[in-house]
(Lines give C-alpha, C1' and ligand atoms only; values in the text may rest on other atoms or scores of the structure.)
Protein backbone atom coordinates (compact mmCIF):
# COMPACT_ATOMS: atom_id res chain seq x y z
CA UNK A 1 0.00 0.00 0.00
CA UNK A 2 1.31 3.43 -0.90
CA UNK A 3 2.26 5.77 1.92
CA UNK A 4 1.11 8.79 -0.01
CA UNK A 5 -1.93 10.60 1.32
CA UNK A 6 -5.07 10.68 -0.76
CA UNK A 7 -7.38 13.54 -1.68
CA UNK A 8 -10.71 12.62 -3.28
CA UNK A 9 -13.06 15.24 -4.60
CA UNK A 10 -16.59 14.54 -5.78
CA UNK A 11 -17.28 17.32 -8.26
CA UNK A 12 -21.07 17.50 -8.50
CA UNK A 13 -21.37 21.18 -9.37
CA UNK A 14 -21.19 22.65 -12.85
CA UNK A 15 -20.62 26.24 -11.72
CA UNK A 16 -17.44 27.92 -12.93
CA UNK A 17 -16.40 29.17 -9.50
CA UNK A 18 -16.97 25.82 -7.77
CA UNK A 19 -15.16 23.90 -10.49
CA UNK A 20 -12.30 26.39 -10.13
CA UNK A 21 -12.21 25.81 -6.36
CA UNK A 22 -12.19 22.03 -6.88
CA UNK A 23 -9.29 22.14 -9.32
CA UNK A 24 -7.27 24.58 -7.20
CA UNK A 25 -7.58 22.28 -4.17
CA UNK A 26 -6.82 19.21 -6.30
CA UNK A 27 -3.72 20.78 -7.85
CA UNK A 28 -2.63 22.05 -4.44
CA UNK A 29 -2.96 18.58 -2.91
CA UNK A 30 -1.03 17.03 -5.82
CA UNK A 31 1.75 19.59 -5.30
CA UNK A 32 1.94 18.32 -1.70
CA UNK A 33 2.37 14.76 -3.00
CA UNK A 34 -1.17 13.50 -2.47
CA UNK A 35 -2.69 10.95 -4.82
CA UNK A 36 -5.65 12.93 -6.09
CA UNK A 37 -8.87 11.82 -7.75
CA UNK A 38 -11.64 14.07 -9.00
CA UNK A 39 -14.85 12.09 -9.41
CA UNK A 40 -17.02 14.06 -11.86
CA UNK A 41 -20.73 13.44 -11.42
CA UNK A 42 -23.95 15.18 -12.49
CA UNK A 43 -23.26 18.76 -13.67
CA UNK A 44 -19.56 18.42 -12.81
CA UNK A 45 -19.31 16.09 -15.81
CA UNK A 46 -19.60 19.13 -18.06
CA UNK A 47 -16.04 20.06 -17.05
CA UNK A 48 -14.87 17.08 -19.08
CA UNK A 49 -16.92 17.81 -22.20
CA UNK A 50 -15.05 18.65 -25.37
CA UNK A 51 -15.80 22.10 -26.75
CA UNK A 52 -16.97 20.67 -30.09
CA UNK A 53 -20.44 20.10 -31.42
CA UNK A 54 -20.62 16.34 -31.80
CA UNK A 55 -23.74 14.58 -32.97
CA UNK A 56 -23.81 11.11 -31.44
CA UNK A 57 -27.10 9.23 -31.75
CA UNK A 58 -29.30 10.46 -28.92
CA UNK A 59 -32.90 10.36 -27.81
CA UNK A 60 -34.89 13.60 -27.83
CA UNK A 61 -34.46 14.06 -24.08
CA UNK A 62 -30.72 13.41 -24.31
CA UNK A 63 -30.42 15.96 -27.11
CA UNK A 64 -32.20 18.51 -24.96
CA UNK A 65 -29.86 17.94 -22.03
CA UNK A 66 -26.85 18.07 -24.36
CA UNK A 67 -28.03 21.40 -25.74
CA UNK A 68 -28.67 23.00 -22.37
CA UNK A 69 -25.47 21.87 -20.67
CA UNK A 70 -22.19 23.75 -21.21
CA UNK A 71 -19.43 22.09 -23.20
CA UNK A 72 -16.39 22.52 -20.93
CA UNK A 73 -15.69 24.69 -17.91
CA UNK A 74 -15.10 27.88 -19.89
CA UNK A 75 -18.75 27.93 -20.90
CA UNK A 76 -20.12 27.52 -17.37
CA UNK A 77 -22.12 30.05 -15.36
CA UNK A 78 -21.15 31.28 -11.88
CA UNK A 79 -22.95 29.99 -8.76
CA UNK A 80 -23.50 33.63 -7.68
CA UNK A 81 -23.23 37.08 -9.15
CA UNK A 82 -24.41 36.22 -12.62
CA UNK A 83 -24.94 39.98 -13.27
CA UNK A 84 -27.33 39.23 -16.14
CA UNK A 85 -24.81 36.85 -17.65
CA UNK A 86 -21.80 39.14 -17.27
CA UNK A 87 -20.46 37.36 -14.15
CA UNK A 88 -18.28 34.71 -15.79
CA UNK A 89 -16.78 37.26 -18.19
CA UNK A 90 -16.01 39.63 -15.30
CA UNK A 91 -14.39 36.92 -13.22
CA UNK A 92 -12.27 35.82 -16.16
CA UNK A 93 -11.18 39.40 -16.84
CA UNK A 94 -10.11 39.87 -13.22
CA UNK A 95 -8.41 36.47 -13.26
CA UNK A 96 -6.42 37.45 -16.32
CA UNK A 97 -5.39 40.71 -14.68
CA UNK A 98 -4.16 38.78 -11.63
CA UNK A 99 -2.46 36.13 -13.77
CA UNK A 100 -4.78 33.50 -12.32
CA UNK A 101 -5.22 30.38 -14.45
CA UNK A 102 -8.56 29.86 -16.19
CA UNK A 103 -10.22 26.55 -15.32
CA UNK A 104 -9.31 24.96 -18.66
CA UNK A 105 -5.62 25.51 -17.77
CA UNK A 106 -6.21 24.11 -14.26
CA UNK A 107 -7.60 20.96 -15.91
CA UNK A 108 -4.48 20.67 -18.09
CA UNK A 109 -2.29 21.18 -15.03
CA UNK A 110 -4.24 18.46 -13.22
CA UNK A 111 -3.48 16.03 -16.04
CA UNK A 112 0.23 16.95 -15.95
CA UNK A 113 0.23 16.28 -12.21
CA UNK A 114 -1.32 12.83 -12.81
CA UNK A 115 -4.54 13.69 -11.04
CA UNK A 116 -7.06 10.97 -11.86
CA UNK A 117 -10.04 12.50 -13.65
CA UNK A 118 -12.93 10.09 -13.36
CA UNK A 119 -16.33 10.34 -15.03
CA UNK A 120 -19.33 8.83 -13.26
CA UNK A 121 -20.82 6.33 -15.70
CA UNK A 122 -24.21 6.29 -14.00
CA UNK A 123 -24.78 10.02 -14.54
CA UNK A 124 -23.40 9.78 -18.07
CA UNK A 125 -26.20 7.32 -18.80
CA UNK A 126 -28.74 9.54 -17.10
CA UNK A 127 -27.75 12.71 -18.94
CA UNK A 128 -27.09 10.87 -22.18
CA UNK A 129 -23.40 11.84 -22.35
CA UNK A 130 -21.29 9.57 -24.58
CA UNK A 131 -17.58 8.82 -24.16
CA UNK A 132 -16.83 10.48 -27.51
CA UNK A 133 -18.13 13.77 -26.09
CA UNK A 134 -15.70 13.70 -23.15
CA UNK A 135 -11.94 14.29 -23.06
CA UNK A 136 -9.81 11.37 -24.14
CA UNK A 137 -7.44 10.81 -21.23
CA UNK A 138 -9.90 10.20 -18.41
CA UNK A 139 -11.16 7.17 -16.49
CA UNK A 140 -14.64 5.83 -15.90
CA UNK A 141 -16.31 4.39 -12.84
CA UNK A 142 -19.31 4.32 -10.56
CA UNK A 143 -19.97 4.76 -6.86
CA UNK A 144 -17.89 1.64 -6.04
CA UNK A 145 -14.82 3.32 -7.50
CA UNK A 146 -15.46 6.36 -5.34
CA UNK A 147 -15.93 4.40 -2.10
CA UNK A 148 -12.71 2.45 -2.76
CA UNK A 149 -10.73 5.70 -3.06
CA UNK A 150 -12.72 7.68 -0.52
CA UNK A 151 -12.42 5.29 2.39
CA UNK A 152 -8.66 5.82 2.48
CA UNK A 153 -8.80 9.54 1.83
CA UNK A 154 -7.04 12.03 4.06
CA UNK A 155 -9.15 14.76 2.47
CA UNK A 156 -12.60 13.94 1.06
CA UNK A 157 -14.77 16.74 -0.28
CA UNK A 158 -18.12 17.07 -2.05
CA UNK A 159 -18.17 20.20 -4.18
CA UNK B 1 -15.18 -0.44 19.10
CA UNK B 2 -16.38 -1.70 15.75
CA UNK B 3 -13.83 -2.24 13.00
CA UNK B 4 -16.29 -1.20 10.31
CA UNK B 5 -15.53 2.01 8.48
CA UNK B 6 -17.92 4.92 8.83
CA UNK B 7 -19.47 7.20 6.24
CA UNK B 8 -21.26 10.30 7.53
CA UNK B 9 -23.17 12.58 5.24
CA UNK B 10 -24.60 15.94 6.25
CA UNK B 11 -27.53 16.45 3.89
CA UNK B 12 -28.17 20.20 3.92
CA UNK B 13 -29.59 20.52 0.42
CA UNK B 14 -33.19 20.03 -0.58
CA UNK B 15 -32.53 19.70 -4.31
CA UNK B 16 -33.64 16.45 -5.96
CA UNK B 17 -30.33 15.85 -7.71
CA UNK B 18 -28.21 16.50 -4.62
CA UNK B 19 -30.43 14.32 -2.43
CA UNK B 20 -30.13 11.60 -5.07
CA UNK B 21 -26.32 11.90 -5.02
CA UNK B 22 -26.29 11.71 -1.21
CA UNK B 23 -28.41 8.56 -1.11
CA UNK B 24 -26.47 6.86 -3.92
CA UNK B 25 -23.19 7.44 -2.06
CA UNK B 26 -24.77 6.33 1.22
CA UNK B 27 -26.19 3.14 -0.26
CA UNK B 28 -22.90 2.46 -2.02
CA UNK B 29 -20.93 2.85 1.21
CA UNK B 30 -23.39 0.56 3.04
CA UNK B 31 -22.95 -2.05 0.30
CA UNK B 32 -19.21 -1.88 1.07
CA UNK B 33 -19.94 -2.57 4.74
CA UNK B 34 -19.60 0.94 6.09
CA UNK B 35 -21.72 2.12 9.00
CA UNK B 36 -23.54 4.99 7.36
CA UNK B 37 -25.37 7.97 8.84
CA UNK B 38 -27.20 10.66 6.93
CA UNK B 39 -27.65 13.73 9.09
CA UNK B 40 -30.57 15.69 7.60
CA UNK B 41 -30.43 19.40 8.34
CA UNK B 42 -32.06 22.54 6.90
CA UNK B 43 -33.66 21.84 3.48
CA UNK B 44 -32.38 18.26 3.53
CA UNK B 45 -34.99 17.60 6.23
CA UNK B 46 -37.66 17.74 3.54
CA UNK B 47 -36.43 14.35 2.32
CA UNK B 48 -37.88 12.87 5.51
CA UNK B 49 -41.27 14.59 5.29
CA UNK B 50 -44.32 12.40 4.80
CA UNK B 51 -46.25 13.11 1.63
CA UNK B 52 -49.46 13.84 3.54
CA UNK B 53 -51.04 17.13 4.44
CA UNK B 54 -50.89 17.16 8.22
CA UNK B 55 -52.12 20.07 10.27
CA UNK B 56 -50.14 20.18 13.50
CA UNK B 57 -50.52 23.35 15.56
CA UNK B 58 -48.15 25.90 14.08
CA UNK B 59 -47.41 29.59 14.21
CA UNK B 60 -48.09 31.69 11.12
CA UNK B 61 -44.42 31.65 10.13
CA UNK B 62 -44.15 27.91 10.61
CA UNK B 63 -47.25 27.38 8.45
CA UNK B 64 -45.69 29.49 5.73
CA UNK B 65 -42.47 27.46 5.78
CA UNK B 66 -44.48 24.23 5.80
CA UNK B 67 -46.43 25.36 2.76
CA UNK B 68 -43.39 26.43 0.75
CA UNK B 69 -41.22 23.40 1.50
CA UNK B 70 -41.67 20.14 -0.46
CA UNK B 71 -43.11 17.10 1.29
CA UNK B 72 -40.62 14.36 0.44
CA UNK B 73 -37.90 14.07 -2.17
CA UNK B 74 -40.23 13.37 -5.08
CA UNK B 75 -41.61 16.89 -4.80
CA UNK B 76 -38.23 18.63 -4.81
CA UNK B 77 -36.80 20.91 -7.51
CA UNK B 78 -33.45 20.38 -9.24
CA UNK B 79 -30.39 22.46 -8.31
CA UNK B 80 -29.91 23.25 -12.02
CA UNK B 81 -31.83 22.93 -15.27
CA UNK B 82 -35.24 23.71 -13.89
CA UNK B 83 -36.48 24.30 -17.47
CA UNK B 84 -39.46 26.31 -16.22
CA UNK B 85 -40.34 23.55 -13.78
CA UNK B 86 -39.96 20.67 -16.25
CA UNK B 87 -36.49 19.65 -15.00
CA UNK B 88 -37.50 17.21 -12.26
CA UNK B 89 -40.08 15.55 -14.52
CA UNK B 90 -37.49 15.17 -17.30
CA UNK B 91 -34.87 13.69 -14.98
CA UNK B 92 -37.41 11.22 -13.59
CA UNK B 93 -38.47 10.18 -17.08
CA UNK B 94 -34.86 9.52 -18.10
CA UNK B 95 -34.24 7.73 -14.82
CA UNK B 96 -37.19 5.45 -15.45
CA UNK B 97 -35.93 4.70 -18.95
CA UNK B 98 -32.52 3.75 -17.53
CA UNK B 99 -34.08 1.74 -14.70
CA UNK B 100 -32.51 4.11 -12.17
CA UNK B 101 -34.21 4.23 -8.77
CA UNK B 102 -36.20 7.34 -7.86
CA UNK B 103 -35.04 8.97 -4.63
CA UNK B 104 -38.01 7.65 -2.65
CA UNK B 105 -36.83 4.10 -3.48
CA UNK B 106 -33.25 5.03 -2.56
CA UNK B 107 -34.57 6.13 0.85
CA UNK B 108 -36.35 2.78 1.28
CA UNK B 109 -33.17 0.95 0.26
CA UNK B 110 -31.21 3.00 2.80
CA UNK B 111 -33.57 1.85 5.54
CA UNK B 112 -33.22 -1.78 4.45
CA UNK B 113 -29.45 -1.41 4.59
CA UNK B 114 -29.70 -0.05 8.15
CA UNK B 115 -28.41 3.37 7.23
CA UNK B 116 -29.08 5.68 10.16
CA UNK B 117 -31.38 8.51 9.05
CA UNK B 118 -31.05 11.32 11.52
CA UNK B 119 -33.08 14.53 11.68
CA UNK B 120 -31.45 17.66 13.07
CA UNK B 121 -33.66 18.79 15.94
CA UNK B 122 -32.32 22.34 15.92
CA UNK B 123 -33.44 22.97 12.34
CA UNK B 124 -36.75 21.19 13.00
CA UNK B 125 -37.40 23.82 15.66
CA UNK B 126 -36.31 26.60 13.35
CA UNK B 127 -38.47 25.54 10.40
CA UNK B 128 -41.33 24.45 12.63
CA UNK B 129 -41.24 20.81 11.55
CA UNK B 130 -42.91 18.40 14.00
CA UNK B 131 -42.01 14.73 14.52
CA UNK B 132 -45.46 13.67 13.29
CA UNK B 133 -44.66 15.22 9.90
CA UNK B 134 -41.50 13.13 9.44
CA UNK B 135 -41.08 9.43 8.67
CA UNK B 136 -41.53 7.08 11.58
CA UNK B 137 -38.34 5.02 11.64
CA UNK B 138 -35.73 7.77 11.97
CA UNK B 139 -33.54 9.12 14.76
CA UNK B 140 -33.14 12.60 16.18
CA UNK B 141 -30.09 14.55 17.26
CA UNK B 142 -28.16 17.78 17.18
CA UNK B 143 -24.65 18.86 16.27
CA UNK B 144 -23.18 16.79 19.13
CA UNK B 145 -24.56 13.62 17.51
CA UNK B 146 -22.90 14.60 14.25
CA UNK B 147 -19.48 15.35 15.76
CA UNK B 148 -19.52 12.02 17.62
CA UNK B 149 -20.08 10.13 14.36
CA UNK B 150 -18.07 12.44 12.14
CA UNK B 151 -14.83 12.38 14.10
CA UNK B 152 -14.43 8.66 13.38
CA UNK B 153 -15.60 8.88 9.78
CA UNK B 154 -13.55 7.45 6.93
CA UNK B 155 -15.74 9.46 4.54
CA UNK B 156 -17.38 12.71 5.72
CA UNK B 157 -19.30 14.81 3.25
CA UNK B 158 -21.45 17.95 3.31
CA UNK B 159 -24.00 17.89 0.52
CA UNK C 1 2.12 16.77 17.55
CA UNK C 2 -1.10 17.54 19.31
CA UNK C 3 -3.46 14.68 20.13
CA UNK C 4 -6.51 16.86 19.61
CA UNK C 5 -8.70 16.02 16.65
CA UNK C 6 -9.00 18.54 13.85
CA UNK C 7 -12.04 19.87 12.01
CA UNK C 8 -11.39 21.90 8.85
CA UNK C 9 -14.17 23.63 7.00
CA UNK C 10 -13.79 25.27 3.61
CA UNK C 11 -16.49 27.93 3.57
CA UNK C 12 -17.06 28.70 -0.10
CA UNK C 13 -20.70 29.73 0.13
CA UNK C 14 -21.97 33.18 0.94
CA UNK C 15 -25.54 32.11 1.73
CA UNK C 16 -26.82 32.92 5.22
CA UNK C 17 -28.12 29.41 5.90
CA UNK C 18 -24.94 27.68 4.73
CA UNK C 19 -22.71 30.05 6.69
CA UNK C 20 -24.90 29.37 9.73
CA UNK C 21 -24.49 25.59 9.25
CA UNK C 22 -20.71 25.99 8.91
CA UNK C 23 -20.40 28.01 12.11
CA UNK C 24 -22.73 25.70 14.09
CA UNK C 25 -20.63 22.67 13.10
CA UNK C 26 -17.40 24.55 13.82
CA UNK C 27 -18.56 25.71 17.25
CA UNK C 28 -19.86 22.21 18.02
CA UNK C 29 -16.53 20.62 17.09
CA UNK C 30 -14.65 23.18 19.22
CA UNK C 31 -16.94 22.37 22.16
CA UNK C 32 -15.83 18.73 21.70
CA UNK C 33 -12.18 19.83 21.92
CA UNK C 34 -11.32 19.76 18.25
CA UNK C 35 -8.84 22.23 16.79
CA UNK C 36 -11.05 23.97 14.26
CA UNK C 37 -10.20 26.03 11.20
CA UNK C 38 -12.65 27.74 8.87
CA UNK C 39 -11.01 28.52 5.56
CA UNK C 40 -13.04 31.32 3.97
CA UNK C 41 -12.85 31.40 0.19
CA UNK C 42 -14.86 32.97 -2.65
CA UNK C 43 -18.28 34.16 -1.41
CA UNK C 44 -17.60 32.78 2.08
CA UNK C 45 -15.11 35.64 2.49
CA UNK C 46 -18.07 38.00 2.84
CA UNK C 47 -18.66 36.52 6.30
CA UNK C 48 -15.47 38.27 7.41
CA UNK C 49 -16.28 41.67 5.90
CA UNK C 50 -16.77 44.56 8.27
CA UNK C 51 -20.19 46.17 8.12
CA UNK C 52 -18.73 49.58 7.27
CA UNK C 53 -18.48 51.37 3.97
CA UNK C 54 -14.75 51.62 3.42
CA UNK C 55 -13.26 53.19 0.32
CA UNK C 56 -9.90 51.57 -0.34
CA UNK C 57 -8.34 52.28 -3.73
CA UNK C 58 -9.91 49.84 -6.18
CA UNK C 59 -10.24 49.24 -9.87
CA UNK C 60 -13.67 49.66 -11.49
CA UNK C 61 -14.28 45.90 -11.50
CA UNK C 62 -13.22 45.57 -7.87
CA UNK C 63 -15.58 48.39 -6.91
CA UNK C 64 -18.41 46.62 -8.70
CA UNK C 65 -17.75 43.36 -6.85
CA UNK C 66 -17.46 45.24 -3.57
CA UNK C 67 -20.83 46.88 -4.16
CA UNK C 68 -22.65 43.69 -5.08
CA UNK C 69 -21.26 41.52 -2.29
CA UNK C 70 -22.75 41.64 1.21
CA UNK C 71 -20.75 43.16 4.05
CA UNK C 72 -20.94 40.48 6.76
CA UNK C 73 -23.20 37.49 7.28
CA UNK C 74 -26.20 39.47 8.48
CA UNK C 75 -26.56 40.99 5.04
CA UNK C 76 -26.48 37.68 3.15
CA UNK C 77 -29.32 36.05 1.20
CA UNK C 78 -30.58 32.51 1.78
CA UNK C 79 -29.65 29.64 -0.55
CA UNK C 80 -33.37 28.78 -0.85
CA UNK C 81 -36.71 30.31 0.00
CA UNK C 82 -35.81 33.88 -0.77
CA UNK C 83 -39.56 34.73 -0.80
CA UNK C 84 -38.93 37.90 -2.83
CA UNK C 85 -36.22 38.93 -0.40
CA UNK C 86 -38.20 38.21 2.77
CA UNK C 87 -36.46 34.87 3.45
CA UNK C 88 -33.51 36.09 5.54
CA UNK C 89 -35.78 38.33 7.62
CA UNK C 90 -38.19 35.45 8.25
CA UNK C 91 -35.43 33.06 9.25
CA UNK C 92 -33.97 35.65 11.63
CA UNK C 93 -37.37 36.28 13.18
CA UNK C 94 -37.91 32.56 13.80
CA UNK C 95 -34.35 32.25 15.10
CA UNK C 96 -34.96 35.03 17.60
CA UNK C 97 -38.20 33.36 18.74
CA UNK C 98 -36.30 30.10 19.32
CA UNK C 99 -33.39 31.89 20.99
CA UNK C 100 -31.07 30.69 18.23
CA UNK C 101 -27.93 32.76 17.73
CA UNK C 102 -27.68 34.94 14.64
CA UNK C 103 -24.60 34.21 12.52
CA UNK C 104 -22.77 37.32 13.70
CA UNK C 105 -22.97 35.93 17.26
CA UNK C 106 -21.81 32.51 16.05
CA UNK C 107 -18.75 34.24 14.56
CA UNK C 108 -18.04 35.94 17.90
CA UNK C 109 -18.45 32.60 19.70
CA UNK C 110 -16.04 31.01 17.22
CA UNK C 111 -13.42 33.62 18.10
CA UNK C 112 -13.95 33.03 21.82
CA UNK C 113 -13.46 29.31 21.24
CA UNK C 114 -10.18 30.01 19.42
CA UNK C 115 -11.45 28.73 16.11
CA UNK C 116 -8.96 29.81 13.45
CA UNK C 117 -10.69 32.06 10.92
CA UNK C 118 -8.61 32.10 7.77
CA UNK C 119 -9.13 34.24 4.68
CA UNK C 120 -8.03 32.87 1.31
CA UNK C 121 -5.59 35.41 -0.09
CA UNK C 122 -5.98 34.21 -3.67
CA UNK C 123 -9.71 34.95 -3.74
CA UNK C 124 -9.16 38.24 -1.92
CA UNK C 125 -6.99 39.27 -4.86
CA UNK C 126 -9.55 38.03 -7.34
CA UNK C 127 -12.50 39.80 -5.76
CA UNK C 128 -10.45 42.86 -4.86
CA UNK C 129 -11.01 42.54 -1.10
CA UNK C 130 -8.42 44.37 1.03
CA UNK C 131 -7.31 43.42 4.54
CA UNK C 132 -8.72 46.69 5.91
CA UNK C 133 -12.19 45.56 4.81
CA UNK C 134 -12.00 42.31 6.78
CA UNK C 135 -12.21 41.69 10.53
CA UNK C 136 -9.04 42.35 12.48
CA UNK C 137 -8.38 39.12 14.34
CA UNK C 138 -8.15 36.67 11.46
CA UNK C 139 -5.37 34.85 9.63
CA UNK C 140 -4.43 34.72 5.97
CA UNK C 141 -3.33 31.88 3.73
CA UNK C 142 -3.67 30.04 0.46
CA UNK C 143 -4.35 26.50 -0.64
CA UNK C 144 -1.09 25.27 0.94
CA UNK C 145 -2.37 26.35 4.35
CA UNK C 146 -5.56 24.40 3.75
CA UNK C 147 -3.83 21.19 2.64
CA UNK C 148 -1.52 21.32 5.68
CA UNK C 149 -4.53 21.46 8.03
CA UNK C 150 -6.83 19.29 5.95
CA UNK C 151 -4.57 16.28 5.59
CA UNK C 152 -4.70 15.70 9.34
CA UNK C 153 -8.39 16.47 9.69
CA UNK C 154 -10.80 14.09 11.39
CA UNK C 155 -13.65 16.06 9.84
CA UNK C 156 -13.11 17.93 6.54
CA UNK C 157 -16.05 19.64 4.90
CA UNK C 158 -16.64 21.88 1.87
CA UNK C 159 -19.65 24.11 2.45
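Residue numbering begins at 1 within each chain, and the chains themselves are lettered A, B and C in the order written.
Going forward, a contact is a pair of C-beta atoms (placed from the backbone, for glycine too) under 8 Å apart; a residue touches a chain by one contact, two chains touch by 3 or more.
Just so we're on the same page, UniProt names per chain: A, B, C = Peroxiredoxin family protein.
Remember, it's a predicted structure, so these values are computed and weren't measured experimentally.
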Chain contact graph, described as a line, ring, star, complete graph or other shape: complete
Homomeric contact subunit A-subunit C: same or different residue positions, threshold half: different
Subunit A on subunit B, rotation in degrees - Cα superposition, rounded to nearest 5: 120
Centre-to-centre distance between subunit C and subunit A (centres being mean Cα positions), rounded to whole Å: 25
Residues of subunit C engaged with two or more neighbouring chains: 156-158
Complex interface listing, subunit A residues touching subunit B: 10, 12, 14, 41-43, 59, 61-62, 64-65, 68-69, 122, 125-128, 142-144, 146-148, 150-153, 156-158
Residues of subunit C defined as touching subunit B within the complex: 5, 7, 17-18, 21, 24-25, 27-29, 31-32, 34, 79-81, 83, 90-91, 93-95, 97-98, 100, 154-159
